[in-house]
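As structure tokens, here come the structures.
Each of the next two complexes has subunit A plus one more chain, namely subunit B in the first and subunit C in the second.
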Partner chain A sequence: MLLGRAAVLLLALVVWELVAAPLNPLLYIRPSSLPATVLRMWRRPELPPLPQHVWLTVQEIAAAYALAIAAGLWLGFLLGLRRTVGRIYEPLLAALYAIPSVVWYPSLMLFFGLGPASKIAFGFLLGFFPIVLAVLAGIRQVPAQLITVAVSMGAHPATVFRKVMLPAMASTLVGGLRTGLALSVVGVLVGEILGSRSGVGYVINYAYGLMMTHEYAVLVLIVAVAVLAIDGAGALLEARVRRWAG
Partner chain B sequence: MLALQVLSLAALVVGWEGAVRLGLADPLFVPAPTAVAAALAAGAGEVVPRLADTLLKALLGYGLAVVLGVSGGLVLGSRRLVHDVAMPYVVALYSIPKVLILPWIVVIFGLGLGTAVLTGMLFAVFPIVLMVAAGTRDVDPALITAAVSMGATRGQVARKVLLPAVLPSVLAGMRVGMVFAMLGVLLAEMFAGNRGMGFHMQRLALAFKAPELFAATVIVSALSIAVVLFLEHLNQRLGRWR
Partner chain C sequence: MTDPTPPIVLHDVSKRYETASGSVPAVAEVSLAVQAEEFLTLLGPSGCGKSTVLSMIGGLVRPDAGRVLIGGAPITGPSPDKVALVFQDAGLFPWRTALDNVGFGLELQGVPAARRREIARGLLEPMGLRGFEAKYPRELSGGMRQRVAIARAMALGTPILLMDEPFGALDEQTRLLMGEWLVGVRRSTRKTIVFVTHSLQEAIALSDRIVVITSRPGRVKDVVDVALPYPRDLNSSEVADLRAKLWDQVREESLRAMTGSP
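Up next, the complex of A and B:
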């Protein structure tokens, strides 16, 4: 299986190399030219200093995700634990989810400007929805009779929450938190690429604006690998939580 | 229920209007609902061609994504070997932010139709593939065995057993795919367009025309909710057919 997967990747690289060979080398980057590009970028950096911009993007993502978790958990439990409020507002929330999220970005840009604030706001907005919806779905999964039994045996509300509700909703909740992180990352990157003066997205735009396409390809690969690594870490965490919740 | 929903939306609009009138919110950034309504009415004539432009691109990208996504999902879901080898890559491509390759697409396909359609397709195809593949894998093999043992032909199995069993996930994928196709098209237009709602909205934001921008946001939002509701309606009718 692993062998098959590696073969597919290798085949894709070879096909790309062969297809790109007769084409414009500036537009169709050959994989074989990338190691030299990495070396060149390391030795003689022509791009804006990468560590500083990466650090800014990481900070933006962290802020957006933290806000999304706080607001998402709060609103999710508020709507989920109060049935009547939930029945009124859940459909409205679902309707908002049906709107392609980029429509909010120009308004956020107008409101927060081109700096990090608009990126944080957009990353927050994207990360927030899956978290709220996961909390709502999770609460619905908690078997009502378990709560009744625990309460009738005299369990404290905090104990009911920790011992009954949390295990029952854990895997859904963690799934939502993982999607939320992925979307916060996407939101910040989209914001940076649509218009910014700093951050990884800015450097990517900068490289492409000057037609430094080899450097651009390397940057895209680095960001893609970083995103996949974050997602992989999230998947491991999710599996652990699922085991804990049984 | 509906009355309470309408009531709270109305309260939100009235409160918003009040906040702007009382000077609690700066109308330069947060225009009053009345100002947005005025902009909506004033721009109604120009908005239709722009909206049609964006919707056409989204439908083209969506159509491509449905064809590619459904067939890809069926193959991935029904062939075990293909699934085991290719699935990690499909999931990886799904989770990598597509916006990263937008600059590259723009340089190759230019500012017009091609870039927007391709981006819309790219955003929509992966969720469709994943949902259809998952649905196809979940088809109960016992149903197929039973149909074959009762003498059903391949065509009959496909039409009478597989299609109804896979249909819900295909429809679910198609519903999600439409939102993603709109998203991709709007994003491409915002990044490097010269027409369409996305381009228009980005220009309004940079020109600080908040009422017009809010009006455009309302229109695009209403359109996407309408499209999703239409697909949902279609979904229910097909559900009755099953």
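Up next, the complex of A and C:
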């Protein structure tokens, strides 16, 4: 399985290398040229200092995701556990989710400025929806029979919530949290690329603006590997919860 | 000699359900007294309100009129110290092992884990579930799951057990075997059992008394004593007579339920 995937990846690189070889090296970057680029970036940095920009982006993502979790869980449970309120607002939420979120970004920049605040706001906005919707879907999935069983045994509402509802909706909830994290990352990076003076997205945009295409490719690869690693960890967690919650 | 207070008394109990198309009467003026250690069956067509009667005894549904007394006291909600319920759907928690499912009610009562496991093990073993303690519900057969559900209800140690078509989802053979098994359990635990079914066979095989419930709204149509020793030979002439008598009554109600005539 893993070997198969590695083989596919290797094959793709080889094909890429062969196709790019006779073409303009500025636009068609050969994979084999990337190690040298990394080395050059390390020795003679022509880009803004990476570690401090990476650190800023990590902080922005953490803030955006934390806010998305807090607001998503709060609103999800508020709407999901109170039927009447939920029935009024849920269609509204679904409609909002259907709008491509990027259209909100200019107004976020107006409100929050070019600094990290607008990136956090956009990362929050993107991460928030899958979390709320997962909570709502999760609550609907809890079998009524299990709640009846617990109530018949004298369980109080808080106990029913903790011992029946949370475990019954755990896998859906973790799935939503995982999607939320991925989208928070996207939100922050897109925000940085669209307009900012700091963060990984800014550096990517900087390299692109100066036609430093090799550096640009390395940065994109770094981001891709980081995102894959985070999502991989999320997938592992989700699989564990799924196994436990049956 | 004075009769002790019957453990369950229903006094002119009525219940209506509010639906989108208006208020529907589910149960009307049902009066019943279940005696200690009695096995009483509520028999009637589907949707006749017999499950509603059981839910009211269990404190899950509040009657609109009339009174439900458990041990002589009116009930205000579930009383897990006196009444335990078993449903048609086993309703096991999929994230808990068989052992931890059985221990759920004890966990709610704050019984320490070691003691819970001990009690649960003691209940699962005579149910033929030895060696299945660590299995999850998805790893058990339908009959096993229902036995775990019954063990979970019995773990509460209540004098009263309410069973709402507990074998309804099982195949015919498993159903008969579970019935035989329940007769044995009942003899050893001396519980008062109220059982709901639409199966004549099951009612006759298990009950001391059968209460025939009319189609909606559910009323008491007839009360039939089954004075036959266990285990019952379901091919005997007494059983045949009883079945014919009950079938006449249930048939009438089933037809009314099917055609919707009052």
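FYI, the second predicted complex is superposed on the first by the 242 of 246 C-alpha atoms of A that agree within 3 Å, B and C clash if a C-alpha of one lies under 4 Å from a C-alpha of the other, contacts with A are read in each partner's own complex, and residues count from 1 in each chain.
The rule we apply is simple: a residue touches a chain if its C-beta (ideal position, glycine included) is under 8 Å from a C-beta of that chain, and two chains touch if they have at least 3 such contacts.
Every value quoted in this text rests on a predicted model; they were computed, and no experiment measured them.
By the touch criterion defined above, A:167 reaches subunit C but does not reach subunit B.
Of the two partner chains placed around the shared chain by superposition, neither subunit B nor subunit C is touched by A:158. Of the two partner chains, neither subunit B nor subunit C is touched by A:236.
Legend: residue contacts after superposition of the two complexes on their common chain; A:146 is shown touching subunit C, with no touch to subunit B.
Of the two partner chains, subunit B is the only one that A:110 touches; subunit C does not reach it. For subunit A, the partner with contacts to more residues, out of subunit B and subunit C, is B. Of the two partner chains, subunit B is the only one that A:193 touches; subunit C does not reach it. Residue contacts after overlaying the shared chain place A:101 against subunit B, while subunit C stays out of touching range.
Residue ranges of subunit A in contact with subunit C, taken from their complex: 143, 145-146, 148-155, 159, 163-164, 167-168, 170, 244-246.
The part of subunit B that touches subunit A in the complex is made up of residues 1, 4-5, 8-9, 29-30, 81, 84-86, 88-89, 92, 95-97, 99-104, 107-108, 179-180, 182-183, 186-187, 190-191, 198, 201-202, 204-206, 208, 210, 213-214, 217, 220-221, 224-225, 228.
Chain contact summary for the complex, subunit C toward subunit A: residues 58-60, 78-81, 84-85, 87, 89, 91, 93-95, 104-105, 107-109, 136-138, 152, 156. Those residues of subunit A lying in contact with subunit B across their complex are 1, 4-5, 8-9, 27, 87-89, 91-92, 95, 98-107, 109-111, 182, 185-186, 189-190, 193-194, 204-205, 208, 213, 216, 220, 223-224, 227-228, 231.
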